[in-house]
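Single-structure report; data block below.
Letters are used for the chains, namely A, B and C, taken in the order the chains are written, and counting of residues starts over at 1 for each.
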Amino acid sequence: MSTVRDTWKKPPFIANPVLRYGLYAAVATYVVVTLATLPIDWDRVSDGLTRAQRIFNGAFPPSFERTGLLIDGFMESLKIAILATVGGILLSVPLAFMAAGNIAAKPIYLLGRGIIIVARSFHPVIVAIIFVKAVGFGPFAGALTLVVYSVGFVAKLLAERIEEIDFGQVEAMRSAGAGFIATLAYAVMPQIMPRLVGLGIYQLDSNLRASAVVGIVGAGGIGATLANAFGRYDYDFALAITMVIVGVILLSEAASGFIRKRIA
Amino acid sequence: MMTSQSLTQTLDSWSRFTLRQRVMRYGGFALTLLIVAWALSSIDVIWAWVWDSPEQMADLFGRMMPPDPSNLPTILEAIWQTVNIATLATLIAIVVSLPVAYIAAQNTTPNRFALWVGRFILVSSRSVNTIIWALLFVAIFGPGIVAGIVAIMFRSIGFLGKLLGEAIEEIDRKPVEALEACGASRFKIVLYAIVPQVMPAFFAVAILRWDINLRESTVLGLVGAGGIGMILQGAIDTFNWPEVSMVLLTILALVVFGEVVSSYLRKKIL
Amino acid sequence: MLTITKLTKRYGSGDPVLKELDLRVEGDQLTSVIGSSGAGKSTLLRCINRLVEPTSGTVDLNGTDFTKLKGRELRTARRRIGMVFQSFNLIDRLTVMENVQSGRLGYISTWAALTRRYPREDIRHAYELMERVGIAHYANKRADELSGGERQRVGVVRALMQRPEILLADEPTASLDPKTSEQIMTLLRDLASELKLPVIINIHNVTEAKEFSDRIVGMRYGRIIFDNQPAALGKAEMDEIYAGVPAEDRAQVGAAA
């Protein structure tokens, strides 16, 4: 080569320059406009800072005086989580079979998927509010909420696992003349059982976390205790509750991870 | 799981598990039953309400039908606000989580102290739920979208930082070695050998969190932190059930929209 | 000229991997280092640019004692040693040009590195070298789209971009098929004479070593036991170099000590 090039430019991520700069401009405009139109009331913020100061002053040192209340709240959360996990799994298994494309007929499949999508789409807090309105305050609403929450997660992943099973075993059972239920029990269940147990343990941990939150809108458990403490300006007790929640969540996460590793 | 049977046994009986395994399995099963029984018997619910609940639910859903779209413009505006909360909070959280991930990853952290600071930030951010963060920030900033953005951001930092930190810990060390051999400085090694390797994980994690944040933003309003939740709370408080169902439908649409967008982006970028 | 004197490397409290090793390499020689796995070839190479920290001894490149350098000084000095790796060690998701230019990272400003605005002089040099090894048309391709032989060429160009005073190659052909491997060896030999660059290659393939090198160094358990022209490497010498296993060598040394 007689002339060697001495310029080089990295090939851009989007080749078309109009599209590229258009995209940059759109993103920049969006960020600037939304940030600029944020209704930040600086007086309110400075006001809020003194309020934050008051909250923190009120919160330190955390008060563990009402330990009884704290433990009661936690036991209730634990019970809600356990019942919701069991109920959620009982519902999830048939639902997962409905929502597995390789097993269920098309209309049943669509119905199953639809239920799962709806269960997944709503944040537990929204579900909790509806249940609180329908069945009243307390742990029952919380348990119902977390059943829905568990179904959204467990049934979805279980259905995906069922879709991945080795279908040869199913064919073997069918060719041996086994009925539908026997096929499920011998060819499908053994393949998905480990996943189901793993999901159940994971979901118990998830439900325990979530039960701390749905309580805030009246669905029982430690969250209700926290919301009460916050509402009554008992910030020291609220901090104590929060600290215990964090501790329990860390513990439960570690325990759940440990058990899942052991059985895997 | 199969176990070899002892040969002295007569071979007309077979069981899948040894005695010990069976005891463990039945034991585990019995223990679960026992725990469930304990939870059921001691939980503080009014059973009459429980038996009554299917009727109550049917009644409530009956009152929700049909959804009332008359307030749709307001609802859509609130949905737009919700999207903004999720998007802005995700963007800010990404920026903040980068340095946190850097110091919380074992192979890039400058020293042990920084490592523990990083881990502490991640754990405290992750363990406190968005709603609890929102309660705190509503108290500070007053009700509204700002409190919501800050709450979502605080919760996202831990999530993004943890996953990014793990991505950094999993990189291939070989390019790093090559650039060390070239005499490149620490910062340039990060720029050339670490950043490109972490990039795919970075986008995947950011998109995932945006999707989650859309969902979380829908409930912020219930504690006064802006978005569609405010409208929902208002409608519930005034027993305007047809509007409640309308809001729920738009939330469903929003979440499905979020999932479509994020799976499109994932395919496009990765 | 590279002069290694009494170089010793010991990992932890175990037996040393390199034992008071002396070696001198100069001119545009291509020197191959052979020896069984565990003989210390890779450690020797990495002690030269201090990717591995030597325990004692000195490594002197044209008057600079590498073992005395710290931090920024060491980084500056490392620019003078190019290195080629067994698994290429490219950055997969970057383009070939960026990979090649990463050899200049020690020279250019952080801003230039960040924005990919490389100096014209460097870009011209990169194109010249890429043209020389036959990968210029791949400049905009991502490194992970290339074949093994092409990837190793990128690795070689990256090392040459440093305008090094010596080139180290750690098993540069071990991940390649026989034909590609020969092409890379030819390339390294030709480059050594074209650029008046001493090259040290760790290599497993003795046939290739004999064919392409000006000089062969045989290592066994941390010592050099053969150092001569390829022609002098006969069966007896080979047996000597590859005889036994490191564990037995260790036992012998232990018995002697």
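Methods note: a contact is a pair of C-beta atoms (placed from the backbone, for glycine too) under 8 Å apart; a residue touches a chain by one contact, two chains touch by 3 or more.
From a predicted model like this one, the values you see are computed outputs, not experimental measurements.
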Computed over C-alpha atoms, the centroid farthest from that of subunit B is that of chain C
By C-alpha centres, the chain nearest the middle of everything shown is B
Quick note, more Cb pairs in contact for A-C or B-C? It is B-C
Subunit A to subunit B, mean C-alpha position gap in Å, rounds to 6
Taking each chain's centre as the mean of its CA atoms, subunit A sits from subunit C at a distance in Å of 52
Taking each chain's centre as the mean of its CA atoms, subunit B sits from subunit C at a distance in Å of 48
Multi-partner residues in subunit C (2 or more other chains touched) are 98
Given the complex, residues on subunit B that touch subunit A span 32, 35-36, 38-40, 42-46, 49-50, 52-53, 56-57, 59-60, 84, 87-88, 91, 123-124, 127-129, 131-132, 135-136, 139-142, 144-146, 149, 215-216, 218-219, 222-223, 229, 232-233, 236, 244, 248, 251-252, 255-256
Note: in the complex, subunit A contacts subunit C through residues 1, 4-11
The answer for subunit B against subunit C in the complex is residues 174-175, 177-185, 187-189, 191-193, 196-197, 199-200
Residue set of subunit C touching subunit B in the complex reads 49, 51, 74-79, 81, 83, 85, 87, 89-94, 98, 102-106, 110, 113-114, 155, 158-159, 162
Within the complex, subunit A is touched by subunit C residues 95, 97-98, 116, 118, 120-121, 123-124, 126-128, 131, 139-140
